[in-house]
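In what comes next, chain A is part of two complexes: it sits with chain B in the first one and with chain C in the second one.
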Partner chain A sequence: MKLLLKSAALTLLSLTMLPAFAVSEKSIKPEVLLEQVRDRDDGDDRRSRMILEQTMSDGFVRERELLMLEKKFGAERKAVLYFTAPADTAGTGILMFSYEEASGKDDDQWLYLPALRQSRRIATNSKEGPFLGTDFSFADIERLRVDDYLYEDQGTVEINGRTLHKIAAHTANGLENPRTGYSQREIFVDAERQLIMRDEFYREGRHIKTFEVTGLKEIDGYWTVTEAVMTNHVEGGFTRLLRKETTYNVGIAERLFNERTLRSGIQ
Partner chain B sequence: MVRIQLLLALLLVNGAALAAPSFSGKGHAEIRQQERAGNEAGDDLGQRYEGLLEGQINNGRLKTNAILMGRYRSQYDDAEDKVRDEMRSDAELRELYLTWSADRFEIRAGKQQQAWGRADYFRIVDVWNPLDLREFLLPYFDNYSLGRQPRGMLITDYFGDTWEQQLIIAAQRKTTRLAPAGSDFAANGMPATLPAVNEEGSGVDIGWRGKIFWSGNDIELYAFHGYHADEMLTFENAQLVREQPERDMVGTSLARPMGDWVLRTDAAHYWREGRQTASGIEDSSRTSALLGFDRVENEWTWNLQLATTHWYDEESNHDDVWESSVSVEKNWSRYRLTTGLLWLVNWVDDSSQLWRATVNYEFLPQWKVGFAAVAFDGKDDTQFGQFDNQDRLMLTLRRDFSL
Partner chain C sequence: MPRVLNTLLLACVLSATTAQAAQPLTEHDEWQVISLYPPHGVYQAELLPQLVTAVEGLWQVQGSDGEPLLRSVDSLASMNVIVAQQDEVRFRRIIEKGELNAAGMQRLQALVEEHPLVQRRLVSADAQATHLWLRLKKPATAEGLQQLSDHLAASLNAAGHQCVVAANARGPLAGRYMTQWQYDTPQRADGVAALQALATAQQQLSNAPGAPDSEHGRNYSALNLLSYLGGILGGELLDANGLPQSNAALAQMYMMAESLRSRDLQALARPDFRQLQLVVLGHKAPLNAPPVSNYQLTHTSIWQASARDYRVLDCRAQGLVTSENE
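And then the complex of A and B:
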């Protein structure tokens, strides 16, 4: 359980950020395109209810529900995740500080465990492991890091009626990135909406996972991923991420982004 | 006390005026079959049943939290009166407290618990809630909050821009709950009948904690004045009595990531600390410190800890205590399986140790079955060795639910 909760802490924050990447220009270098995705305007703050629905290869379905608060603090972003269901996870909270990529600082993360009545600091160096045991890894849900890979523009493709930029990404030495566990990615970006719509992950030449946006909605003027699926081609099974009751720029108080909120929860 | 009641009344009025209340709750039910391991003689351990309900009512700035818990241990059905009364069953309102929140303040009042420090198992600065040791630590390895005894406290938090500060006043006295003589985990030398409690010298516990996040480090400072959680035996007017000696403590904690690991430390100096000796309670002082490392990677969790205490009194030969723990847990999420191994070591003149191995499987959503084996080792007069004949196997079925 302890591991499960720690995993949960690391992963959920990033989940909301993955679909939030933004791009605005056409015919630009892939690095610039992805930087725009990374720095996309998601408003000053956002509140969401999220559901992680994991279907395992044997058909077992596990669902987790949480409330999430996000807020910009200059180039820094902070988020609080609070699990509300199921009962064995409810009350667990995660606090995450994400820093500007140029600063070179790793994220800071804390996990509140109701069984201990204490917050625990979490190391964020390695994000290869699964988040909450789902098909998302910690790396999948963190704020996009453009410098992790080298990129190659592979033109555009039509998917579901949208023109997407296809970008091939690989590590400088061809080996897996020790932090993310991936050596190669194929990224499909909707430049107009500034979102990654599909992401194929490879390790040692093997296609291991596929991320795909399956639901998108404009909420308060911001394109918001309301549903995404991560399919695991190695283990089998998939995880659906649903975002509900999303509101932007509601003036979430700065004081909520501390360990106090982890203990007392989000209403 | 009147002032506290007045404060609670004001908080209630304030909270009630703001918003419609909402309720959230959860709980669990658990049955555990226990067997002695190997050829150890003793009563049939039988079954242990546990039920817990936890609820929270939110009403604007005011929240009410409550936890109800009940336990039944069939092993003690036929025990002698005192042991049966102490061990067979529990039914209690474990926690009931009100929380009032403002932008920079939070006040919690009522029966509750507060954890200080960053240590697991070893209590370097965690001074507020005495433990319930009637079943040693066995029920609490997975939920340490159930090992602490909640008590009446008034907790005020101030959230500044840089520092968070906490002031705690606890007027209700609670003491470590020990297993009675004749039960499995009665400590060596536990008398069948305890002497009366010395009512003299009772008072409140008061403590302060300051907390800062600085340059990637979580730093906390502590100060405490109050009473030891353990009752000790002493002579009062030529009568043997139980008494909680006074204690004064200053301490600090640190946590920070170091590569793939997280470093955490607690350190405390108790310049007034009672210590049980053959002649009564000895006024002493001690310094305790803990160094811990945690790592989480690919569903593996590693926790390593080393703690030491040095006593400054001159009468005792047991001046240094060393404790350590190693915990390894692997979550096989694809198979809904979690396995764990815990090794606790205590060293005071001689070493003793506790081993615990667990396997838990979620066979349906919120239904788990778990197997655990616990073994003690060491000489009879050591912390874990005194329970050397209490090795056991446990099979647990648990259902978690929401209300």
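And then the complex of A and C:
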């Protein structure tokens, strides 16, 4: 499975990237533009504090805080998440290895539960299911896969003072993609910053979710999404993802990305 | 149950003060069921992949408006469950096509018997029949269920079987009920205390006149799923009574389920424990909802084997449906 490390890829990794080079806003094909978004430079490693704030349809709010470390190992990426709040899940950790897409190898993932006092390797068939119980699915937050859809350039629109490319995406057969659960998307890309700023997801013609970047900041030379919201139009709730205290290229030690460290926690 | 529906239902009963006084909304039209008798019992390695294909095909069945009929299907051939295999914890299909050797079939049978959402809900006690629990996008009708049953029969017949949709409804669930109760509390609740209250209610329900015998069903809640999870994860997550040792242990079991992207636990008890579900399957007469301490009964959903909501698909050579319910 392309698991959480790839989640790191979009929400946590790819929500940040610096443009590797300027893009011509008028001439670029949608596929090329999305490949540039997928392949943008996001540094060698990154350390962030994250907040996942889930608001259910009846107003109930659940908040989780975590520390996230990410590092590239050649074509592979590794990430580790430590939950720091609330107290009942503090110390829980998730370790994720993501491999080069061309390798065809599923991601590896381990979960450490303090109450169990051991880590367990975990694997799942489900990509459509909620990411840690939030309104994001795993497919929403994994690294962008350009080949999932066919694209149509719909020109540019002005949103919050930025010129965004509007791209209509749909599956080749018009049916929902079994991996993502979506049949159609409307994607709004900031070509200069190589970021998806808004993404509307459809299934069977029904608008089911909307992703929107609501906070953006240049940190250490990388455009970093500091706040994003996924609104669930079917169930009525939304999840806000906040990134704080982000630093890039800090030389995170390799030894932090293994099971033993996962069990002992980060100091 | 969809959150939106739950919210509407909760709004209907906010003024209620006790389970007895609430007069909760009762629905009869949520589930429809097909019981399938394979030619030689459920645990046949050749049959199971065919069943997976046939159930996947149900999503193609359309109503007169051209829209798919199906909203969801719970079955051996479609459900994912959390299992422990070697040093791994997996959220996997119940039927894995690559694991239908002798050892895999043994694991499958063990899983069916151990998992509270599978057991008698999906497989009869004698393992001669398997049940598909369907939800349609539109209000349930006999025609819709018949259409889905016919499609399932055609798919299996195309694989070489001789299946007929039985004219009567005398399958293993004939004369039986499934009842689902929803309980709410307005404030965030203590998780372990809520589970203790559920345990008391479930014990009371087990002793109630008309409660199902073990051959036909049982009652279950999030407590049973947590007990199952605690069992497969090992360690010291549960106490001697099968309850989570602490709210931290409880929250971390939720974390495990959510990390695997399973929705089952959240569907039975919201993480804030403001909403609980209690289900009883296989009873022969309507049952009263047991009180759950500090919670109000807000919704009741009843399925009853009937001409509208139950079909039997018989693929046995003799083409006769036995009367195991009698």
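Here is the rule we go by: the second predicted complex is superposed on the first by the 238 of 267 C-alpha atoms of A that agree within 3 Å, B and C clash if a C-alpha of one lies under 4 Å from a C-alpha of the other, contacts with A are read in each partner's own complex, and residues count from 1 in each chain.
Rule of thumb we're sticking to: contacts are C-beta pairs under 8 Å (C-beta built on N, C-alpha and C of every residue); 3 or more make two chains touch, one makes a residue touch a chain.
Just so it is clear, the model here is predicted, and its values are computed rather than measured.
K.L.:
Would chain B and chain C fit next to each other on chain A once aligned, or clash?
P.N.:
Aligned on chain A, chain B and chain C clash with each other.
K.L.:
Given the touch rule stated above, what does A:62 touch, chain B (first), chain C (second), both, or neither?
P.N.:
The answer is both, since A:62 touches chain B and chain C.
K.L.:
Could you tell me if A:157 is touching chain B, chain C, both of them or neither one (first, second, both, neither)?
P.N.:
Neither partner.
K.L.:
In the overlay, answer first, second, both or neither for which of chain B and chain C A:92 touches.
P.N.:
Second partner only.
K.L.:
Could you say whether A:250 touches chain B, chain C, both of them, or neither, answering first, second, both or neither?
P.N.:
In the superposition, A:250 touches no partner, neither chain B nor chain C.
K.L.:
Who does A:258 touch here: chain B (first), chain C (second), both, or neither?
P.N.:
A:258 sits against chain B, while chain C stays out of touch.
K.L.:
Considering only touches as defined above, state whether A:84 meets chain B (first), chain C (second), both or neither.
P.N.:
After superposing on A, A:84 lies in contact with chain B but is clear of chain C.
K.L.:
Can you check which stretch of chain B gets into chain C in the overlay, out of 201-209, 237-245 or 291-299?
P.N.:
The stretch that clashes with chain C is 291-299.
K.L.:
Using the superposition on A, tell me which residues of chain A are in contact with chain B and, in the other complex, with chain C.
P.N.:
56-57, 60, 62, 86-88, 114-118, 120-126, 128-130, 133, 235, 237
K.L.:
Which chain C residues qualify as touching chain A in the complex?
P.N.:
2-4, 7, 10, 68, 80, 87-93, 188, 233-237, 245-256, 258-263, 266, 270-272, 274
K.L.:
Tell me, which parts of chain A touch chain C in their complex?
P.N.:
56-58, 60, 62, 83, 86-89, 92, 94, 109, 111, 113-118, 120-133, 137-138, 204, 234-237
K.L.:
Would you tell me which residues of chain B are touching chain A in their complex?
P.N.:
22, 24, 26-28, 56, 58, 63, 99, 101, 103-104, 106, 113-115, 118, 120, 142-145, 148, 157, 159, 164, 213, 216, 218, 255-262, 264, 294-301, 329-331, 333-334, 336, 338, 360, 365-366, 368, 400-402
K.L.:
Would you tell me which residues of chain A are touching chain B in their complex?
P.N.:
1-4, 6-7, 10, 56-57, 60-63, 84-88, 90-91, 105-106, 108, 110, 114-118, 120-126, 128-130, 133-134, 235, 237, 253, 255, 258, 260, 264-265, 267
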